[in-house]
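Following this line, the structures themselves.
Heads up, the next two complexes both have chain A, just with different partners, chain B and then chain C.
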Partner chain A sequence: MNFSQHLPALIVVVPLLFAFVMPLLARWRKQWCVPVTLGAIIFSFAAALQMAFQVMSTGPFSYYMGDWPPPWGIELGIDYLAAFAALTINGVGLLIIWFGSKDLLHELKPEVLGWYYTLYLLLMASMVGIVITNDIFNMFVFLEICAIASCGIISIKESRDCIEAAFKYLVLSVLGSGAFLLAVALLYMVTGHLNFTFMAEALPEAMVLYPNNLLVAMGLLVVGLGVKAALFPLHVWLPDAHSSAPSPSSAVLSALVIKVYAVAMIRLLYLVFPRELLGIAPVMEMILWMSTLAIIIGSMFAIVQDDIKKMLAYSSIAQIGYVFLGVGLMSESALVGGILHIFNHATMKSMLFLAAGAFIYGTGARKLSELKGIGHTMPIPTIAFCIGAFSMVGIPITSGFISKWYLALGALDVGRPFFTAVILISSLLNGIYYLPIVVNAFFSKPEEAVPAPKQLPREMLVPLALLSFGVILFGVYPSLILGIVYRAAQLLLGL
Partner chain B sequence: MSITEIVLRLHANSYYFFAILLFIIGFHTMLTHNNLIKKVIGMNIMDMAIFLFFVAIGYVRGGRSPILEPGVNHAFINPLPSALILTGIVVAVSVTAYALSLIIKLYKHYGTIDAEEIMRIRGGGSL
Partner chain C sequence: MEDIIVRYVSRFILPFVQLYGLYIVLHGHLSPGGGFSGGAIIGASMILYALSFNLAEGSKKLSHDVSSILESTGALIFAGMGLISILLGANFLANGAAGFPLGTPGNLFSGGSIAIITFGVGIKVASTMATLFYSLIEEEHSHEHH
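So, the complex of A and B:
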C-alpha cells in the first residue's frame, strides 16, 4: 500500500476536506484562504497528471473504495477519458481561481469570500468525482453536489439578477437530477447492478426482456444530462446564469461544468448501453440534430447581444453543440474532435470570460460599444481576448482549429458532408460576432474620453498569459494531448 | 384486455402506478404555478415520487427486513434501494432549503414571490 495507489480517492477527498476547512480559516486566518485553496487544487492537478501518466503507460485501472470490490463497493474507474477530463478540470480550474483571488475582491462582499472558496473546492471535487466514478449512484450524488455548488457560486453575489438566475438554474438542475435518478431506478430494476461494468454486462440480456424500460431510461438520461449540459432546446437557464455571475464563476461554469455532464453522457451512452439499443432508438441521430440546432441558433443569438458576457454565454451554447456533434456522429475522428473540444473550449472560453472580467475590473464596461479602443489602454487582456476569438473562429495555429478539423473529418468519414457544412457555416457566424470586437478594440477610438483603467494585478495577468500560451501551444503541437484523446475514443468505440 | 384485467394489473403494480401519478402531479405543479413556493413544493412532490418508485423496486411481497437469524429462512426485501434513497432524501432536503433561501432573497429584492410579477418588474425574460 503506497501513497500513489490512493490517488484516485485523494483527488476527490482532498478538495472536499479543504472545502470544509475554509469557513474556519476565513474566520481565523483570512489571508490563508487563497494559498490553501490553490494548494488543494495544485495537489489535485499533480494527482491527475500522475494518473494520466499511469494510464498512458499501463492502461486503465480501477480503485475500490474501502477495499470493497464491485459489485458491493464503489469503484472509481480511471480510463483515458477520465484521466483526460480530470486533468482538464484541475488545470483550468487552477488558473481560474488564481485569477479570481484578486478579481473576487471587488465583486463580492468581504464576509462571503471564504464561502466562495468552499463552494469552489466543492465544485472541483464533485466535477472530478463525476468523471472518474464507475458507479451510477455515486455519479448521482456528485451531480447533486455539483448542481448546488454551481448555483451557489452564482447566487453568492447577491444582486437581483444573480439570485434570479441561480433560482432558475436550480429548478432546472433539480429537474435534470430527478430524471437522472428515475433512469438509475429503471436501470437498477432490470440489471440489479449500479456499477457501470456489471450493468453493461447485464444489459444485452435485459434489453431482450424489457426493451421499454431501457428506452425510457436512456431518454431520461439524455434529457436529464442534456438540461444540465445546456444542450439546445434545454439551454434556457444558461445565458442568465453565466452572464450575471462573478467573472471567475462564469468562467468555471462555461468552461468546465457543462462539459462534465457531456463526459458523463459519453460514458453512459458508449460504455453502458448496448450498441444494439442505439439501433432501435435513434438517440444518436437526435443528439446530432439537437447539436446542429445548438451550433447555428446559439451563434445567431450571440450575434445580437450587446453585453459581452451574455454574448460569451450564448457562444457556449453553440460550443457545447460541437462536443455533442462529435458524440453523435459515432466515428473515430469525430469523437476525437468532440473530446478534444472539451479541453480546447475549456481553455479558450475560460480565457475569454477572464478577459471580459479583466475589462469589467479595469473599466467597469460590460457593453460591447464601450470596449472601443480598449486595446490601447489594456493591451494584455485584449490580446488574450483576440487569441481566444481567433481560436473560437477556428483560425489555424490556434487550438480551436484542431478540434474543428477533426470534427469535419469525422463527418466526412461517415459520409455526411452536411455536418461539415454546418461546422463551416458556424465558423463564419463565430467570425461575425467575435471579429468586430477585436477590430474595434484596436482600430477605433472611444466615442467620449474615458478615464484610464485600473492597473491589473499580476495574479490576473499571469493566468491570462498562461491560457493564451496554452491555446497557441496546443494549436501548434496538438500531439501533446491527442495521444490520450485518441486512446479514449478508441476505447469508447471498442476499436 | 378487459377492464378487470387492467384493474388487476394496476393493483399488482400499484406502487409504480402511484409513483408515476405523483410524479405527474409534482411536475404539473412545478410548471404551471407562478408562486415560487408552490414550485418548490411541486419539486418536492416530484422527488418523493421518484423515491417511492426506487424503494418499491426493492420490495418483495411478504418479505421481511433483511436481518439474518440462524435457522430462520424467510424472503427478505432488498435493502439497497432504501439505503440509496436515504442519501436521495438528504439531497432533496438540502436543495429545498437552498431554494427557499433564494426565494427569501428574491422577496427582499422584489417584494413578491410571484414569477409573473417578478418578470413584469424586471421587464422581459422569464423565470
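So, the complex of A and C:
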C-alpha cells in the first residue's frame, strides 16, 4: 500500500474527521483540543507540501474517489494551482490557529471553545476541497460547508455586532451559493457532465447550440463566486463580517476564505469555459473594471476608517481586486502576479489582523488614535504590523512588491498602461492609510497615560514572527514560490 | 404542555414512526430514502416525544449529551468506512474494489459498505435533529431566566 498516493483524499478527510472528534474531546479532554487541531492541520500541511513536490517533479495527477473513474465518480485533480493553493491554505491556517489557541481564550466563552475548533477544521477541509476538486458539484458541496463554517466562526462570539454581521454574510453567501447551483444545473443540462475535464470537452459544441444557456451560466458563476469573494460592487457584507469577528476568524476569513473563491473562479473561467465564449461576452473586461474600482474605492474607504480592523477589512476589498486584476488581464505575467498575490496577501493580511488582535489582546484598543506609541510598549506585534504595512504598500524586499511588480508588467505586456497607473495610484493610497499608523506607533506619544499592556504569550508571538519572516523571505527570494506559480499560469493559459 | 389526547396519540404512533424510520435507514441501499430521510423520521419521533410529554421526559430518553455524542459517532462511521477502504488497499470510500462483500443485489445484506455508511448517516441525522431541537429549546429557557 502506497500511503502517499492517498494524500489528495486524506488532506480533506483528516481535518474533517477531527472536526467531528472535537466535540467529544471538548466534553472529556478539553486540554487535547488545541494539540489535536494543530496536529490535523500539520498533517494537511505536510500532505500539501508532499503533493507540491510531486506535482513539480512528475506533473499534475488525479485521484478517483472510491475507485470510480470519471465521469462517473468524483475526481480530485492536483495541478499546480491546486497544490499551490492547498499549501497556502494549510500553511497560513496553521499559524493563525496557533495564534488563536491563546487569543481565543479571552474572546470566546469557554463552553464554545471546542466548537470553534470544529468549525475551524471544517473550514480548512472545505477550502482545501474547493481548490483540489475536479468536479463542479463536489465544489458546490464544499462551498456550502465553507459558507456555513465561516458564518459560524463569526457568530460564535455572540455579541450583537457579530450576529448581525454573520447573518448578513449568511444571506448574501447563500444567494451566491444559489447562483452557483443554478449555474451548475445549466451547465449539466447542456453538457451532461459534472467533471471539469469532460465539461470542458463538451462545451465548445454546446456553445454553438445553446449560447444563451452558457452565457447565463457564466454570469451566475461570476456573480455567485464574486459575492463570496467580495469583488467590488458585491462586497457589502465584508467590512462588518471581517471586523466584528474574533481576530483569528478575521485573519482566516480575509487571508484565505475570499481567495478560495477566486481560485475557483480562475479554474472555471480558464479551464472549463471555452475561450470563444469569453469573446462573446466581455467577462474578462468586466472583471477588469470591477477589480479596478475595487482597488481604488476599497482603498478610499479604508482611509476614512478609525477602527483598525475595519480599515484592514476595507483594505482586503482592495487587495482581492489585485487578484482579479491579474485574472482579467489574461497575460502570463499578470496571471502570475494575481496568483502570487493570493499567497502574498494571505501571509501579510493574516499577519496584520493577528497584530491587530495582539493590540486588542494587550491593550483593548481598537481605535487608530489609541495606538499612538504602541511600538514602545508592544514592540514585536508593532514590527510585524509595520512589515505587513510596508508589504501592502509594495515597498521592495517585501513580498507585496513582487506581486505588484508582476501585475504591472502584465498590464504593460498586453499594452494597457492604464492598469499599471492604477496599481501605482493604489500603492500611494495604501501608503496614505498604512504609513501614519506606523509613524504614530513609533514616533508619537500617547495622549494620556496608558497602563502597561498585557504580556503576550509565546504562542501569539511566534506565529507573528514567522509570518513577518515569511513576508521578507518571499520578498527577497520570490523564486521559492514563483516556480509553481509560473507553471500554474502556463497551464491555465494553455502555453 | 399537558394534553391527554396528544400524549395518548403520540404514545400510540411513536413506535410505528420509529420502526418506519429504522426500516428506511436499513433499506437505504435498496429502496428510495436512505440515511438522511430515515434519520430525519427517527429524529422527528424524538422531537414529538419531547413535545408531547415534556423536555425533562424527553431528556430522560435521549439527553443532549448523548445526542451530541451520537452525532459525532455517525460522522466518524462514515469517514471510518472510507479509511478502511484505504487500509484494504483501494482508494478512499471504495466499495467492491476494496473487497467488501457485495452480496446478491436486492437482498438486505448486500451493497458492501454502503449499508454501513447509510446507517452512520442515519445516526448522524437523527441525533442532529434532536441536538438542534435541544439547542433551540435551551436557548429559549436561558432567555426566560434573564
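Just so it is clear, the second predicted complex is superposed on the first by the 494 of 495 C-alpha atoms of A that agree within 3 Å, B and C clash if a C-alpha of one lies under 4 Å from a C-alpha of the other, contacts with A are read in each partner's own complex, and residues count from 1 in each chain.
Simple rule for what comes next: a contact is a pair of C-beta atoms (placed from the backbone, for glycine too) under 8 Å apart; a residue touches a chain by one contact, two chains touch by 3 or more.
Remember, predicted model here, so these are calculated numbers, not experimental data.
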Superposed partners chain B and chain C on chain A - clash or fit: fit
Which of chain B and chain C A:166 touches, first, second, both or neither: first
Which superposed partner A:23 touches (first chain B, second chain C, both, neither): second
Touched partner set for A:82, first chain B, second chain C, both or neither: neither
Touched partner set for A:460, first chain B, second chain C, both or neither: neither
First (chain B), second (chain C), both or neither touched by A:13: second
Contacts of A:429 with chain B and chain C, given as first, second, both or neither: neither
Contact breadth on chain A, by residue count: chain C or chain B: B
Overlay on shared chain A, then closest C-alpha pair between chain B and chain C (Å): 7
Interface residues, chain C side, partner chain A - complex: 65, 68-69, 71-72, 75-76, 79, 82-83, 85-87, 89-95, 97-98
Of chain B, residues touching chain A in the complex: 23, 30, 36, 39, 43, 46-47, 50, 53-54, 57, 81, 84, 87-88, 91, 94-95, 98-99, 102-103, 105-106, 109-110, 118, 122, 125-127
Chain A residues within the chain B interface of the complex: 137, 140-141, 144, 147-148, 151-152, 155, 158, 160, 163-164, 166-168, 170-171, 174-175, 177-178, 181-182, 184-185, 188-189, 236, 240
Contacting residues of chain A [partner chain C, same complex]: 1, 6, 9-10, 13, 16-17, 20-21, 23-24, 27, 63-67
